[in-house]
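Next, two complexes with chain A in common: one pairs it with chain B, the other with chain C.
Right, the complex of A and B next:
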């Protein structure tokens, strides 16, 4: 799986990375979390070993560190053509599971609205949206008796008259899970994909320890929420005038402008203070892509006073 | 005798003046003639008179106008009101032995439009409560008809859609009403009206202008009984405050309310925050917050020709 390392790093392109602080494991749109992470479905075991899970995470972090070192020597991360970042019009690669997914061939440029400039290095915002919440679902594969779970598990609440699921919370990672009697579970509150998966496994382990034959099937991240700050005030009235078909700004209903970007399909809440909330993503790359798309637009509507 | 074959379009014999085929004929209904205006030739005669059959001498607006047969036609909205129905009998013979009326079928009057007619009635009721003019009601009816025919919002309560259409119509006519004002005359919650509003805009692919502080000044001020001077001052203050960006992110209604408060406190007609909050539908703490933001620049915000009853430095500071 370490095919990334075999490809010599791409040299000779003016690196916008220079603008960003080097030397730290960079979470950036072009070097996604774990840049060496190709989607590795083989390792998605259904066993509930938490230890395995943590080991896997550590492994990935090590790979990250390796990649970071490598990247310090050359701008492009191996296995990833910098074109993917600079042109930024390649929608194809960023909408696959991970933006770092290796494509040895340059993917064809797909037209995207709103327009992103293809000029390298001049339009990178240098701001990375931070993930705030991840919602994921998993199927435990067996029917559950919610009453037993609620009575025997710690930190579980169950009020069948109000809601037909057990609400369980764990402290590390700080998350909440809704466990339904069909065996399906929703896990919310994690700040990263791996944490969400780890938390879901922990919940499944709790259910398993209570005596149910729990499995870990079809773990899927359903929604990711990120937020960031562009650090300047924004003229929302101007933005709603020019981007009428995407924006909805009703100060009576909500103080922020609701921008529904079509590609990638992300909803952004843009506030006068310059704070932006991005939601509706299935993968991290969509959030980054959406922010890179909106940043030049927002710069155009900066308040001048 | 179908002499005209079906191949050609139905060519009804158009009466036209033989000398001036292009001239539009003038109808003289009293004599039943069609006259060419160019040469005065009487082209068609014995035209059927479609006026009423009898003359009425009742006073102004009698309950029933015998010249009319049926309700005023509303062709735009009802899809052709050409149905008739049998009314209840009036004489003794129309009741059978048990006292029930003999002819009972009063149901199924354009069932597909029944919901729409109901909604129109509701819209008229709502609009009457806030004294909206006929043009807004007509626009609302049109919007409702478009939404109803599209069926994209079929699952939503008709009253919610009607309220949202009313809101949109007011906005489109340039006299926006706040959501709270529409809520006051409707049984639907503000949240639901807001949701339907966004859905309708998407369904009809229209957009509305952003609300400004000036849209509400005349209504709020006259409801409070403030003189014109104060109203003009408040309008000026609110506009200036938005231009100077003293109140970023605040709803225009709150800014308008704070401006009215400042203007009224500087004049002889002082109004409390609570009164203004009641009229504008804004909480008085919200007025206080917006007022705090505009207070520091109060001297710049007033119009130059304003007569102060209370000078700027004596304005209340909350």
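Right, the complex of A and C next:
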């Protein structure tokens, strides 16, 4: 438990002025132990108190010490079983054996793999997060006269006193674009990467038809947002206690728990209902990977009442 | 200086046509016609602001919108104008709207 206590617990932070999101602790990448990049499911934490979890971990440590012959290739661990350590694989994310089942596998001939999938829970969740929003940018490569664009294009707003860009919308794909006088453009609202690119091209064509020498340079997807439902309620309080380093939960500020996963670098909003929002991805795979990482953990914090 | 928004209305256009006729027949100068139109702008703005009490609701689907120079321009399709008394349906209507609350009178044309 020393390792857990060596990290100062997060205090509730006041949100910055005018911010919509709750204040976030500044997460330092300098983890004192291991490389807790990918969260690991602790155990079946149906326990009601931290004390029981501590006891369970002590039992685990004793059993691990007994099996010390195995070269524990888990990185950053030396005979101990910290709650969180790095794992590369997706399938074998349940790396800490359940206390109940350890006795079954406690033979000297236990395989050397650091991943001991004691439960079939390490299989895929069967739930695929749906993409809800893609934000992308592109450079049209020429200076633009925003007033001309606002006067001649359809479905455009331009209020330079409030914001220095033309806000244009198209219906298919249903998206919104911010077009700046420098020629740079932000395209938001698409549901897939291809749709985002297509929409950006449509906006570029509108600008081109107005007489500007628009090009399509450096199209890049900047952010992807996905959401899904694990279909069971979640004990957020338990989750924030065991995954303090990654979680921020202040129900008075925001009803969702903010989980900042390090690998992949994704922020998840986890709600009591079981709905999960994932954001911060540059590619679709990061969303899927993050969800596959979090799903076994969430299962461990399923509400049973 | 009031909005010149209402010059392109039935009333405003009739006035402009009449003034053009008078100019053609040399009965008034173009400068005078301009003054008449400016007076018309003031009069119509104050009349609509102070002497109009009835209310009309309308509902339709939005075809296009535009916001530039603090002027909204909408084109709606299949619009129903509803007053307590009656109902008018049109296929297409163009709405040009200026800001109601005067913030910077100097900026008006």
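Just so it is clear, the second predicted complex is superposed on the first by the 184 of 305 C-alpha atoms of A that agree within 3 Å, B and C clash if a C-alpha of one lies under 4 Å from a C-alpha of the other, contacts with A are read in each partner's own complex, and residues count from 1 in each chain.
Operating definition for what follows: a contact is a pair of C-beta atoms (placed from the backbone, for glycine too) under 8 Å apart; a residue touches a chain by one contact, two chains touch by 3 or more.
This is a predicted model, so every value here is computed, not measured.
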item	value
First, second, both or neither for A:252, with chain B first and chain C second	first
Partner chain(s) touched by A:140 [first = chain B, second = chain C, both, neither]	neither
Which superposed partner A:233 touches (first chain B, second chain C, both, neither)	first
Touching partner for A:271 - first (chain B), second (chain C), both, neither	first
Which superposed partner A:151 touches (first chain B, second chain C, both, neither)	second
Residue contacts with chain A in the superposition, chain B compared against chain C	B
Touching partner for A:170 - first (chain B), second (chain C), both, neither	neither
Touched partner set for A:159, first chain B, second chain C, both or neither	second
Residues of chain B touching chain A in the complex	178-179, 194, 197-198, 201, 207, 210-211, 244-245, 248-253
For the chain A and chain C complex, residues of the former touching the latter	147, 150-151, 154-159
Residue numbers on chain A that touch chain B, as the complex places them	233, 237, 240-241, 244, 248-253, 255, 271-273, 303, 305
In the complex with chain A, residue positions of chain C that touch it	64-68, 70
